[in-house]
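Below: the structure, in structure tokens.
Chain IDs A, B, C and D follow the sequence of writing; residue 1 opens each chain.
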Amino acid sequence: MSIRVTVWNEGRHEKKNPAVQEIYPNGMHEAIAGALRKAKGLEVTTATLDQDKEHGLSQGLVDNTDVFVWWGHLAHDDVSDKSVGRVHHRVLNGAGIVVLHSGHFSKIFKRLMGTTCNLKWREEKNEREILWVTRPGHPIVQGIDDHFILPAEEMYGEFFDIPEPECTFLISSFGGGEVFRSGCTWTRGAGRVVYFRPGHETFPTYHNKTVLRVIENAARWAAGNKDLPTISFGNRKLNWVNDYATGNPPPPAKK
Amino acid sequence: MSIRVTVWNEGRHEKKNPAVQEIYPNGMHEAIAGALRKAKGLEVTTATLDQDKEHGLSQGLVDNTDVFVWWGHLAHDDVSDKSVGRVHHRVLNGAGIVVLHSGHFSKIFKRLMGTTCNLKWREEKNEREILWVTRPGHPIVQGIDDHFILPAEEMYGEFFDIPEPECTFLISSFGGGEVFRSGCTWTRGAGRVVYFRPGHETFPTYHNKTVLRVIENAARWAAGNKDLPTISFGNRKLNWVNDYATGNPPPPAKK
Amino acid sequence: MSIRVTVWNEGRHEKKNPAVQEIYPNGMHEAIAGALRKAKGLEVTTATLDQDKEHGLSQGLVDNTDVFVWWGHLAHDDVSDKSVGRVHHRVLNGAGIVVLHSGHFSKIFKRLMGTTCNLKWREEKNEREILWVTRPGHPIVQGIDDHFILPAEEMYGEFFDIPEPECTFLISSFGGGEVFRSGCTWTRGAGRVVYFRPGHETFPTYHNKTVLRVIENAARWAAGNKDLPTISFGNRKLNWVNDYATGNPPPPAKK
Amino acid sequence: MSIRVTVWNEGRHEKKNPAVQEIYPNGMHEAIAGALRKAKGLEVTTATLDQDKEHGLSQGLVDNTDVFVWWGHLAHDDVSDKSVGRVHHRVLNGAGIVVLHSGHFSKIFKRLMGTTCNLKWREEKNEREILWVTRPGHPIVQGIDDHFILPAEEMYGEFFDIPEPECTFLISSFGGGEVFRSGCTWTRGAGRVVYFRPGHETFPTYHNKTVLRVIENAARWAAGNKDLPTISFGNRKLNWVNDYATGNPPPPAKK
């Protein structure tokens, strides 16, 4: 059964900025979704901020998404709390979410983390980023060598205000000497959260095969368990296990 | 220099319910604060929901608090987002917070955790709770034996919807057979968060010496570092370390 | 491509003790392996302590194992350091290991954990264990309800001297009131480690379908990534990325 | 009551290599111990590999140490298993250990971690290291700015084969573009373990005030709790909490 991926993109830079438009004529979401569509076992949808009042995040789509990929930058505040709440609820109940680059400041990521998610940053024309694998064997870095290089990217530097990751699978070093935890995972409820640092809109990062491979791997790893039962909370009666209490003869083992 | 503790309490059960009033005639906050005031090196203040429009959480008090102790239950939604945001900001910038019992559903705890913080529960007159130490040597369980027993408490049962704790220092078992992670820690920004499960308002839990010892220990452990510098974020210039770049003669070591 | 599982068992209780022999006439390893052989996509082998001088853990078998399942109790010290070192090396280089019950005291588990792995214990004829799911949505508890009950098991109680787990997916409560972290995961090198508490040899635990389901899930989750490259360590030359240094024109993006 | 620190050093480079001798005429242990002796509340002892048959680690000294500081490089294998076992036991029972630089390959660190602790490395005359704070507010980085620079150090690069740290408080970037998790913490038993990357023997790193401040902070943070009770393991009787079982009238609360 295939994994249902929803690639969500703000999609405004691509309309406003000719330089971005040239790199991503159909939007960053299509660059990413296009690559994922070529992979086996993924069913890929896109949604964008200005698509409709719900930012493309209808209840139906959200309920039928196993993993979200999220890119936003300029307009985090334009995403309605209702849509964010819907995605948040879906993640806690078993979907995954892969937050990309400037999505670190999105409402959904900040809500999942509980922190400011702030960082240091710098835009140069050609500052190189080296991404080092810090957890070989993790499914998200499958097929990736011990490092890979992006010739030009925006710098993000520590301190990155996130809760201590459950796994840090990539750490970057930049031309200027800064470092950054560029690949991190967390669990929230029954859902899995991934942060993956690259892709500033003015660079062709989402045409890079290694970057796309990491996104594909991350989507597979974070994708929800489809037959997850509803999580059970609330009031409970007493003595429901009395039959099994110590001192009574044990019931026959179920073979 | 003493640790400045602010014990915050909703304080409504004590006014409405004669049974609670009898156990805590001055409110749960005074039971807790009274015990902390007897300890060395703590400077203790209380604040309550209905004290004033800011729920006693003025900017001045929040700024001068090293660690919050938080109890709420009925009226989480009556705490204004402004006051919650103030405490959230203070914790991320280096204060601690010790969230008690039904505070698991408070706005501040849910914001720090990023999850529903939901659980199973049951109120009986005399269901016993055994709290087992699962991290001996942790400062929060200093002076506590390998377990302690509360003869009657409300049951809280797993699944407790929290991010995987950085440390789980207590796990409870209840008369009915349920279990619960009753003592947990997390880091958020420069601040420390503790959850400690006991005390339902209808039981004399905050008169129990062991419970009060854990709260005191937790407050000391979570209390902020007083000379914490402002955390640095934002735009950075390039080449600021060029003088130290590989290939140049190294500057003399600072002795 | 199927997952190659090696079920390792000490296999001595089954020969010495008629009561154990009656429950597991072909050994616990065959009870477990038999269930796994019925599952899709698993290729299952067994190995036992007294099988040969290498305890069935030949270099060839170890190299061709994706995940080990390990049960030992009486004779941990009889497993040679050479065989343990072989398994340790294999796990760090990408295999998984699922350690069962009294395997908590095995050489391999203690070496992976770095602690004593000690605990409290009690054998009664009919003390019930309730195992509560503390991470719904985790692949290891797929298909498991929010709890399951074993009518009679040996008690294991906290403090369980293990490093803080990366994920605690099951916590047990026993008839006597003790609790135990019964399902835990860690990462070591490129390998994944699972501890799963049940099955004492005198109970028919490894005939229980839920227990077998957890073992199957754990084996799938922990199984190694087959095309994992050799992890790269050691001496490195300088200036290998100079071509990409800040200030030079960036190389063309790889599309 | 003061913290009893034992600074352990291999101490052979200083005897063999005139360049090292010039930087550390009394050994690296004395450079570190000398700085710690100036700090308040620390009682500092040193011990070295060739001091006696026990490498200076007598049972008496180990039992009376609250925190070890450990430097080794050439001669890890010359440290006897007996002495290592003694330190290991002491740490699990509540002492701390601060492992420095090439101590990553020491027996004690590998035993505590359960992994190879391997890494990439390079020695240049003047490769700069920038150490970035990744957990502001942590006691170990108290008084440290958001980064500090060492003008010349040995390069250590990822992948560093360690279990996922409970806290990563420093990440380094080197002149050559590599990164390294230079400050990490773990808990083992009742003890705390810190790894702190700098000080190659041919550089005056242990004369650097910031480095010495981190070591002092780490020693304070990791130091054991003095009144830690013996951790309780082993066989337990049943029904010890029957008096408190659900259904019986609760005992009066202890006030």
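Annotations
The rule is simple: contacts are C-beta pairs under 8 Å (C-beta built on N, C-alpha and C of every residue); 3 or more make two chains touch, one makes a residue touch a chain.
Small disclaimer: the values here were computed from a predicted structure and weren't measured.
The chains touching chain A as well as chain B are C, D. Shared contacts of chain B and chain C, meaning chains that touch the two of them, come down to A, D.
Ranked by how far their CA centres sit from the centre of chain D, the chains are topped by A. Centroids built from CA atoms put chain D at 35 Å from chain A.
Chain B and chain D have centres, each the mean of its CA atoms, that are 29 Å apart.
Within chain C, the positions touching two or more other chains are listed as 124, 127, 130, 135-136, 146, 157, 159, 164, 166-167, 175-178, 187, 189, 231-232, 238-239, 241, 246. Taken as a contact graph, the chains are fully connected, with every chain touching every other chain. Residue ranges of chain A in contact with chain B, taken from their complex: 92, 111-116, 118-122, 124, 127, 155, 157, 159, 161, 163-164, 166, 175-178, 186-189, 231-241. In the complex of the two chains, the chain D residues touching chain B come out as 94, 124-128, 130, 135-139, 142-143, 145-146, 149, 151-152, 166-167, 174-176, 187, 189-191, 203-205, 207-209, 224-225, 227-229, 231-232, 241, 244-251, 253-255.
The part of chain A that touches chain D in the complex is made up of residues 130, 132-136, 146, 157-160, 164, 166-168, 171-174, 177-179, 181, 238-239, 246.
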